[in-house]
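Several structures are given next for inspection.
Both complexes shown next keep subunit A, but they swap its partner, so subunit B is in the first and subunit C is in the second.
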Partner chain A sequence: MKIFQVALGILAAIGGFVDIGDLVFNVSAGATFGYQLLWVVVIGVVGITVYSEMCGRVAAVSGKAVFDAVRERVGFKAGLGALVSSQVVNLMTLTAEIGGVAICLQLLSGLPYRWLIVLAGAALVVVVWVTAFEWIERIFGYGGLCLLVFAVAAVKLHPPWGAVGHGFVPHMHTQSPLLYAYFAVGLLGAAMTPYEVYFYSSGGVEERWGPKDLGLNKVNAIIGYGLGGFLSFALMIVGGALFLGQGVEPEFLGTIALGAEVPLGQIGLLLALVGILFAVSGAAIDTLFSGAYNLAQFLGWEWGRYRHPRGAPRFTVTWLVLLVLALGVVLTGVDPVQLTEYAVIFSAVALPLTYIPILLVANDRTYMREYTNGRIANVLGVLYLVVIMVIALTAIPLMILTNVGQN
Partner chain B sequence: MSRSIDLGLNVLDHQLLDAEERRCGKVDDLALEGGPGEQLELVAILAGPGVWRTRAGLVGRLASWLGGGGRTRIPWEEVAHVGSHVSLRKRAQELGLGRGDDRMRPYIEKIPGADR
Partner chain C sequence: MTRYIAACLLAVFLAGCNGGTVDRHALKRDAEKVGSLATEGGLLAHDVSSGASTSSFARVHAGELSRAAADLQDALATRPTSPGIEADVRRLAKLAGKVSAALERIHRHPTDRGVAASLRPPLEADARAADRLAK
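Entry: the complex of A and B
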């Protein structure tokens, strides 16, 4: 079934691309700047597509996932630095996603938030424990497609399409250029979050991809992230059409779901909440596994859901411990939406150490043979390294200068 | 092994796979022999937390301590093939590798569904 084989791409798109960070940044960007920042999403989508394709290709040809490449190319010392920073950001993101799952469950059921955190954690353990990797992809990837309701909502809200079109052309029409820059960096950071490539490349190994699957890899990367980009556009348009100039800061997940309720009523709200629930749960699993993948790959432990818990004990214990840590942090009552903003900004700093080793390995003939990067992949790869460097250097200063986007 | 390989690029920090393709550690360091003026000879792969202390200063020592400090020496003759990964001729247990996973397995096995 070919249609099922793009599940990795769909989950990477739904759980990776459109996670709690993108929901927040896209709708907030729309609420603050209207459609002006749509072009930034395009840049982010192309970037993540280029690098995911590269990672998938490296995984298919050489069996190496991202942190194998990191360890080989930058060595133990710098690699350890990359590992620690990526684990911190992963844990922050995981915490935010679990909080998001609990908020969705609360909005759907009306039960107390704290109980739902525990329920969400328990449900995640059971799902990951009993479900094969392929089915995890399908359940959360396809369930998250309910988010397409935002595309319908965007059309129903009758935005000024001229202004929307103009948003794809880079321009800046604002009194606060710093805030504009903060949102641009946040959108790029959310689009190119490193855990997407950790998960995607390890997923390729989980699915036992070989050189014959390179076409599938390309289709996965393009369709998956294309879909993610499409959903991001929809979210930003909804944010712009509904909240721009209203003084509404979409700082609750419920406000984001409101974007579908206003034009489509109860059914819109329900679909939006279910879509967010699946997307955010998928993202929780992505980040949970990414943390365990990275540690195992850096240290050379056996890893992968395909090895079953018995075959990869330390990998299994790692994800269980990460989940318990994240649950502990969510239970302290930290605001998941606020946390996700910090996570996105800090992840921007971890970007170069993730992407540079991939570019190097993808250019290594020893492993990649005839599948080494072509000219297009290299030109785009280098171009995006420059973009990533700019993001990494400006993310934290901008966060401080704009008071986390509040000014 | 007739073709030449770059030890720094193609061996150091690479994944170790045992005879059954099980992942069982990384090439944390290499042992070379040969005095001044003599030809250097690669004699062994060193793996395990004990090796990290020499590789990343204070942080490396901390990581090594956290990891228990054990180290394993695998004679170079045990290497079957150097490709994307470094493949070994014997099983991990015989070489003293992958012990962390083996130690934790009995606990994981007790949980229902651990082998699916």
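Entry: the complex of A and C
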């Protein structure tokens, strides 16, 4: 198996799965409910694996990425609703990720935040413009692996492993059931962020996957997102072991890094900050491309990161405009961590708009020939349709009722 | 239907705002926040004093914790309160100011282990005081 192809999955996992949303929600969930919500991460990981595998398979067999399929399957009007909502969520996420990059750079360098926002934007343009995509995969994918320091920190904090194990069994010991439900929805929304699937399936089309790559698609989805899930467990365990007992409410990215500093000292802090920097930078690139992919695919433009910018000018202009818009919003002083919470909740609301068309296409023989969903894929696909509908319908009411998790 | 949903959202929003008055629930939440900031400040002070942090991280993170505590102080010092809790609210405002000032010192002296070591016990005491107000 080509190791560089597997790197696509690792990038999607670290840069996509573990993004600022996962960092914020997993550590906060641990700090609020200990290990009780670990089971939700498992559901989220299986969900994103099912969704990505379907999207990758559709891309490999039909050559259509998500928004190609959405427009063809549900038509222009309904598809336009899905596009607009996805783009709004994408922009919110991109803004939060860029803010996260700037905060990380500030925690590492001590330089002024606003200058670092501009520097982060310029660096993203340079990296995307001059770096071959294979190198972007390697740089951010492997740099993000520094986040494994949170797994070491989790072990070093000596959590009660019995309670950790019990966390994988659904249960609820709390006087705040609404807050528990809000965090459950947020964790699912953070794990199943749609932009990573758009990025993944578009990558499959660009790399000209065919039916022979279906095995690779399955391995990418399972290993890539499994690794992301492992890191989510570690983050929640750190939150539970270090912050819950002391009553610390993580409201800053610095607090998350402190979770590695306290048990591991300076080296833990530096690895955590570098890991967060690479993970949020990778996620910023994913969201940037996802926004451009979505629009270009929906409107039938030339698109692709492997093309020279002049070979797909409207695609290039789209990601540049998205970047400028996101930079403009970050420069207003909006708090990236708070924005992340809104982005995750709204992405949960928008999720069915692209999930349902993909589920339909994955069962459509005219697109998929003999590669339609099998029985297991369909059982899981329908099960997750129910889960996604429930979180989409409850996300905003829970956000209002809990005052965005402040109870 | 749209108007009905908008009215519901507005009602929930206004209920959440509670007209800007600090009631018992808001006092508890804000005391927990002050306690959280003080505890985190204590952890940071411990790491700075033992050389486990970096100067950039200590300076930046202490600065943002200090600002958050100062914002709470400003809000708690001026907002109207429900009857019977005004003294506790103003006490919490002072405590938030104290926490903010301690964190500001770490922000200004991120490499000074002595300063950090001297700030850890008062920050921990402030966290306990905030916990008592939260209860």
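Things to note:
Definition applied: the second predicted complex is superposed on the first by the 405 of 407 C-alpha atoms of A that agree within 3 Å, B and C clash if a C-alpha of one lies under 4 Å from a C-alpha of the other, contacts with A are read in each partner's own complex, and residues count from 1 in each chain.
Going forward, a contact is a pair of C-beta atoms (placed from the backbone, for glycine too) under 8 Å apart; a residue touches a chain by one contact, two chains touch by 3 or more.
Here the structure is a predicted model, which means the values were calculated and not measured.
Room for both subunit B and subunit C is found when the two structures are superposed via subunit A, with no clash between them. In the superposition on chain A, contact of A:R310 is made with subunit B only, not with subunit C. Applying the stated contact rule after C-alpha superposition, one finds that A:H171 touches neither subunit B nor subunit C. When both complexes are overlaid on chain A, the residue A:R208 reaches neither subunit B nor subunit C. Of the two partner chains placed around the shared chain by superposition, subunit B is the only one that A:W129 touches, whereas subunit C remains out of contact. In the superposition on chain A, A:G247 contacts subunit C only, with no contact to subunit B. In the superposed pair of complexes, A:F76 makes contact with subunit B only, with no contact to subunit C.
Applying the stated contact rule after C-alpha superposition, one finds that A:T366 touches subunit B and leaves subunit C untouched. When both complexes are overlaid on chain A, the residue A:L269 reaches subunit C alone and has no touch with subunit B. When the two complexes are overlaid on their common chain A, residue A:E302 makes contact with subunit B while staying clear of subunit C.
Across the superposed structures, the minimum distance from subunit B to subunit C, using CA atoms, reads 18 Å. In the complex of the two chains, the subunit A residues touching subunit C come out as 106-110, 246-249, 251-252, 254-255, 257-258, 261-262, 265-266, 269-270, 273, 400-401, 403, 406-407.
On the side of subunit B, the complex with subunit A involves touching residues 9-10, 12-16, 22-26, 28, 47, 52, 55-57, 59-60, 63, 67, 83-85, 98, 100-101, 104-105, 107-109, 111, 113-116. Of all residues in subunit C, those touching subunit A in their complex are 9, 12-13, 16, 29, 32-33, 35-36, 39-40, 43-44, 47, 50-57, 59-61, 64-65, 68, 127, 131.
Residues 62-64, 68, 71-72, 75-77, 79-80, 129-130, 132, 296, 298-303, 308-314, 316-317, 366-367 of subunit A are the ones touching subunit B in the complex.
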